[in-house]
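Have a look at these structures, which come just after this line.
One chain, chain A, links the two complexes that follow: it is found with chain B in the first and with chain C in the second.
Let's turn to the complex of A and B:
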């Protein structure tokens, strides 16, 4: 897929980034340590034509550098005014975390053609303790 | 129905499921006795300390054994069986075997000694 380029930077609009806006981070409110947490980051193209949008994410819980969130399909060409959802995941550490999601647009001006960071949004996922539970006791016996 | 005599061992093969954090402190308690309206009257019993319960993200099945030795503390007759999982969060979990499925043969007894005699 060919990346769509933006030739001219526009003025910052209210809130969000210049060309993109992270409109939602979908993630569970809590997760147990070691579990695979699935998230979805939705980014809107605020520009007047199609652009390439990239997502990135990291976890904040006191670890440096921040562990990255995996997005198998991390960029897409998005039509003007449209939104695209990126699916990602991470393994829940033994701490509550803050998800940091970032949007980028592909920028082209003169010799400068690269991804530029644009918008940022966060969401908290608290650590859930899975209570110990037992069930289904059964037995058989035999003479030994 | 299972026939047992004094000195025999009855092995209970028990299984249960666990989910959640690693856990220690549970016990399997197996007994032979009489199941009645007001509970289980234990006559012979033994316990097994459950170990090796690790963190389980989903229900995981564990299997362990408890042996109960048949002693003269129990009279001959038909009896019931019971196993309970104790020392766990929440209520104990019970399992009951079929009624009167265990038959204790009793102590060795002798009778009808007959003697005849002749000149040899």
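Let's turn to the complex of A and C:
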């Protein structure tokens, strides 16, 4: 619930990516309505030392409030220059969606400590019938 | 009264037994020294055999193979250097299709067990970040 509030809140802002950078959102290009869509958001620590980074995400497809993307492990301590991937998922609605991913860094000074939004990246997942054109995919592996 | 015959002395088995045991030990040592564990070596070729049913009208697609680690809930983390085996294919129409993608393991591939991900992409998709359909094979290859 806390993630959802954060995601909806920062949709009105534009992340600058000062300390963090969302380098990739991995997701299928299309998905069947009702299917569980797995995504991976990779965030890089641009700061000169280790910082705590948090991810949040929401779906944009014309409904309000925007549904949140579930990230079971939504924060991590990331070394300077390193990247961390956060796995998330959502159920595909009966519309094409835009994934909004946000990165946060943890800031504390004196008694002030909180998560601050930093970067933002989007990716589209279309509701396509193309996926249903492929069925029964299998792959086996052997030495030539 | 004297009798003439053969002296029935005890046979000394110690020396033959020692030679036998020693020989067996040497043979076993050579066998285990020469015998490689099952698996493949860097530089070997791996054939990924794809099989699927296509119900579309036809088109060009990309087959992608990646080796790495299949996490729970279908998340996949590829091993660097083993994540870009692709083959373009043309599907003229509906039907069952089979293709082979030959993957050459680069020198220096760490020795361990790898899971595999086989996926089908449209040409406009980013390999590893988008897919139309994919399938996993746990413990697909063992690099020794």
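Criterion: the second predicted complex is superposed on the first by the 113 of 144 C-alpha atoms of A that agree within 3 Å, B and C clash if a C-alpha of one lies under 4 Å from a C-alpha of the other, contacts with A are read in each partner's own complex, and residues count from 1 in each chain.
Basically, contacts are C-beta pairs under 8 Å (C-beta built on N, C-alpha and C of every residue); 3 or more make two chains touch, one makes a residue touch a chain.
Predicted model only: the values in this text are computed from it and were never measured.
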Looking at chain A, which partner touches more of its residues: chain C or chain B? C
Which partner does A:40 contact after superposing on A: first (chain B), second (chain C), both, neither? second
After the superposition on A, what does A:24 contact: first (chain B), second (chain C), both or neither? second
Applying the document's definition of touch, where does A:114 land relative to chain B and chain C: first, second, both, or neither? neither
Please work out whether A:32 is in contact with chain B alone, chain C alone, both, or neither, and reply first, second, both or neither. first
Check whether A:64 is in contact with chain B, with chain C, with both or with neither, and answer first, second, both or neither. neither
Which holds for A:87: it touches chain B only (first), chain C only (second), both, or neither? second
So chain A touches chain B in one structure and chain C in the other; where do those two contact lists coincide? 130-144
Considering only the defined contacts, which chain C positions touch chain A in the complex? 40, 44-56, 65, 71, 73-75, 77, 102, 116, 118, 120-122, 125, 128-135, 137, 140-141
Residue ranges of chain B touching chain A (in the complex, touch as defined): 2, 4, 8-21, 23, 26, 30, 53, 55, 57, 59, 61, 67, 81, 83-85, 88-90, 93-95, 97
The answer for chain A against chain C in the complex is residues 24-30, 38, 40, 85, 87, 89, 130-144
So in the complex, which bits of chain A are touching chain B? 32, 34-35, 129-144
